[in-house]
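Pasting a structure below so you can have a look.
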Amino acid sequence: MAALLRLKDVSAGYGSFAALFGISLSVESGEAVGVVGPNGAGKTTLMRVISGLLPPTGGRIELEGDDLAGAPSYRIVAAGIAHVPENRRLFPRLTVEENLRMGAYLPQARKHFAERLDGVYGRFPRLKERRAQLAGTLSGGEQQMVAIGRALMSKPKLLLMDEPSAGLAPLVVDQVFELVRGIRAEGLTVLIVEQNVRRVLEVVDRAYLLETGHIRLAGSAAELKENAFIRQSYLGL
Amino acid sequence: MSGAGGGRAVGYAALAALAALPFFLSSYFQHLAVQIVIWSLVYTGWALMGRFRLTSLGHGAFLGVGAYVPTLLWNNYGVTPWLGIPAAMALAVLLAMVVGYPCFRLKVVGHYFALVTLALGQVVLLVIVAAREITGGSLGMTPRAVGHSWYALQLSDKASFYAVALGAWLLGIAAWHWVECGMQRPALEAIAEDEEAAAAVGIDVLKEKLRITALSTGLTALGGALYAQYLMYLNPESMSGVGISLQIVFAAIAGGMYSMFGPTVGACFTILLNEGLRVLFGTHFVGAANTIYGALLVVFIIFMPRGIVGLAERMVARPKPPGPAAPVVQAAE
Amino acid sequence: MDIYLLEAIINGLLLGGVLALLSLGLNLIFGVIDVVWIVYAEIVMSAMYGVYWLYSYYHWPLLLACVAAIGIGALIGVLVHVVVIQPILGSAPINQLLATGGLLFFLQSLATLLFGTDYRNLGIRLPVIEIGDIFISFSRLIAFFMALVGAVLLYLFLAKTYLGTAIRAIAQDREIMGLMGVNERRIYVITSAIGGGLAGLAACLLVLQYDVHPFIGLTFGPITFMVCVLGGLGNMIGGFIAAFIISQIIAVGGYYFPVEVAEVLAFVFFIVMILVRPQGILGK
C-alpha cells in the first residue's frame, strides 16, 4: 500500500541548533499514528516541518509521492495536510465561526463551507451555541474543539495534531481522545504527537518514539504497550 | 597599545587640521563650513537621544525655540544673544522636561513616543505661525541688524562665525564624550535594550532618560540659535515642524548615530551632497536634488542603518578570533 | 445658540468625515502590518495631483479621474510596501518608521520637481447650500458622505469577506496564517493596496475643497497621526471617534480663535490625552 505520508531522512533545526536528525517515518492512508517522547525531543519541530512552518535542512517529505519539503505552508495545506498547532493558536479576536471560516479559506474548501460548517457543529454542538463568541474567551477545551474543527474545515487528507491534550482538565482530555478515536473511525488519517503516552497508545494503530531528535522505537500500538523500555520509562510500570 | 594610541593621535591631528582648514579658504567654503559645523552640533544633539532608542521626530521644536527666543529678546528688549541663547536653551530644556517627564513616567515608548514628539514639533511651528504679530508668521523674521558686532553676535566675516560655531560643536562633542565615558552610556543602553530589566537592576530610568533628553535638546537649541544668528533670517518651516525634524533624523542616521563623529559625517555628507546637487541642477530642476536626497535616505535606512560610519567601522574591524563552542540549548518544543 | 457656532460645529462634523477616512487607512496598515506610514499624507497628495492632472490636462471626466486616483493610491501603497517595507520587515520598528519618513521627503520633492510649488486648483465651483442661515459647501457635504460610504464599505469588506477576515486574522497571529492556506505576503500586499486606495479616495474628496501643492501633506498629515494615536494606534474604531473629536476642537476652536490657535489647541489636547491615557482612547 502506498503511504499517504512518508518522511525520508528529514533533518531540521533552529539556526545552529539541530533538533531533528534523519527522521524517517510513514503514515498509511486511514491510519492513526502517534509520535511520543519526552519534552525537548523534537515532536513539535517534527509537526512544524511537515506542515511547512519550519523548512527542513535535509530529507524528503512525501505526500502521496510528491515531495513537499521546503514548500510554504499555504501550499502544503492546499495539498491536503491540516495542522492543529500546539496551544491551539486560535485567532483570539475573531469569533468561533470566523475562526472556522479561516479554516475553509482555500478556494476548494470555500465551496463547501456551509456543509462542512454544519458537520463541525454536528460534531461539536457546544461550538454552535458559541458561534458568535470571541475565540479568546472560550475555555481550554472549547478552544481545542475550535482548533480541531478549524483544521477539519479544509477536509484534509492528513490531520496533524500537536499535543491536543496539553493543558486541559482530565475530563476534557477524555473528550479529546474520544474525539480522536471518532475522527479515526471516520476514516481520516491522523498523525498525533503526544506526551500522554498511555492515552495516545489507546487510540492509534502505530507509534514512533522520538527522543532527542532520533526515532528510537517504532511499532504497532500493541507492541509498544508491551515494550519493556516504554513501560519502564513512559508508563511507569 | 602604544600603536593604537599613536594612531589615535594622528587621527586627532588630522581632525584638527581639517577643522582649521576653513580659516584658509574662500568665503564660499567658509559658508559651507559654518553650516556643516552648526548642523553637526544639531545632529549630534539629536543622536544623543536617537542612539538610545529615544527616537524623536520633533527636534524641530527645540531648534525653533533656540532660533526664535534669542531673536525675539534681542529685537524687543535688546537682550544680547550671549544671554538670550542660554535662556533659549534653558527654555528648550524646560519644554522637553514638561513633555518628557510624563512621557517617560508613563512609559510612552516606540511609535507612540515618536508620534508625540512629532506632534510637539508641529505645535511649536503652529505657535510660531499663530503668533505672527511678534514672529512674522510664515513670512519669517530677521534679527535687528546692527552691522558687525560681537555683542549682538552678528559677525560679517564668516571666519569669526566659524570659530564660534566650532566652539559650540566642540561643546557637543565634549557632551558626547561625557556620555560615552561615564555611567550614562551603559545605563542608557540597558534601558534601550530592556527597560524593566534595567529598572530591576537599580537604574533610575526616569532620571537617565530626562538627563539625556535635557542634554540633547539643549544642544539642539544652541544649534538653532547659532543658525538663526548666522543666516540672519528665521522662518517657521525651516526652523521647526515635521520637515526639518525629519531632516535632522536622516542626516544623523546617514552619518551614523552610534559614533561620536557620525552625526558630523552626516552633516558633511548631506550638506555637501545638497550643494553638489544644487550646483549640478542649478535652478533648472527645482526639487531634483531633494528627490535624489530623499531616495538616498530610504536606501540608507534599508541597506546602511548604521550609517556611513557604521559601514566604515565594519570594513575596518578585524575578524573576530574563533570563540568557544556555543553551549547546547534545550530546544523549545 | 449662535448660528455661526452651529455652522462651525457642522463644518467640523463634515471635516471629521474625511479625517476619519484618512485615519482608517493609516490604522489599517498599522493594525495589520505593524508599520506606521509616515508618508501617508504624501500618498494622498500624489493622488490629488493625479486627479488634478487627469482632469485639467487630459480632460478626463471628473468621476473617472477620481476612480483613477484611487487606483494610483493603491498602486503607490503596494510600491511602498514591496519596495521599502518588505525588505526591512524584520528590523527594528523605528527603521520602518524612518524609511517611510524618507519616502515622505522623496514624494514631496518629486512632486516639486514634476509640478512645481504653485498651488493648483481644479477650478470646480460646487454650490454652497443654504439651510436657514447656515452655509454649507456642497463639496464638503459630498466629502462627508463619501467618507462614510468608504468607511462602511471597508467595514463590510473586513467583516464579511474571506479576504477581509484573513486581514483581521493576520493582525492577530501571523505565523499560522500559512496553516489556513493563506499566502501572508499576498495579504500584506493587498492590505497595502487597500490602505493606499483609501488614501486615493481621501484625495478625491480633498481635491474638491482644497488646492494641491507638494507640501499640502504637512497640513493634514500630523493631524492624522495624532488622530490615530489618540484613538489607539491600529484601532480603526478608536481612530474614527478620535477624528470627530479632533475635528470638533479645530472647528469650534476656529470659531473663537484664529485657525492656527485652534490647531495648537488640538495638538495640546492630544499631548495631554496621551499622557493621561498613553495607549489612546481605545488602545489596549
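Chains: A, B and C, in written order; residue numbering restarts at 1 for each.
In the analysis below, contacts are C-beta pairs under 8 Å (C-beta built on N, C-alpha and C of every residue); 3 or more make two chains touch, one makes a residue touch a chain.
Everything quoted here is computed from the prediction, not taken from an experiment.
Q: Among the chains, which has its CA centre at the largest distance from subunit B's?
A: Comparing chain centres, A lies farthest from subunit B.
Q: Whose Cα centre is nearest the centre of all Cα atoms in view?
A: The most central chain here turns out to be C.
Q: Between chain pairs B-C and A-C, which one is joined by a greater number of C-beta pairs in contact?
A: Result of the comparison of B-C and A-C: B-C.
Q: Measure off the straight-line distance from the CA centroid of subunit A to the CA centroid of subunit B, and report it in whole Å.
A: Centres of subunit A and subunit B (C-alpha means) sit 56 Å apart.
Q: Where the CA atoms of subunit B average out and where those of subunit C average out, how many Å apart are those spots?
A: 31
Q: State, to the nearest whole Å, the distance from the C-alpha centre of subunit A to the C-alpha centre of subunit C.
A: Once rounded, the distance between the two centres reads 44 Å.
Q: Any idea which subunit A residues touch subunit C in the complex?
A: These residues of subunit A touch subunit C: 51-53, 72-74, 76-78, 82-83, 85, 89, 91-94, 98, 101-103, 105-106, 109-110, 150, 154.
Q: Within the complex, which stretch of subunit C touches subunit A?
A: Of all residues in subunit C, those touching subunit A are 162, 165-166, 168-169, 172-173, 175-184.
Q: Under the touch definition given earlier, write down the residues of subunit B that touch subunit C in their complex.
A: For this pair, the touching residues of subunit B are 53, 55, 57, 99, 102-103, 106-108, 110-112, 114-116, 118-120, 122-123, 126-127, 129-130, 241-243, 246-247, 249-250, 253, 285-291, 293-295, 297-298, 300-302, 305.
Q: Any idea which subunit C residues touch subunit B in the complex?
A: 30, 36, 38, 84, 87-88, 91-95, 97-99, 101-114, 116-117, 214-215, 218, 221-222, 225-226, 228-229, 233, 258, 260-261, 263-264, 267-268, 270-271, 274-275, 278-279
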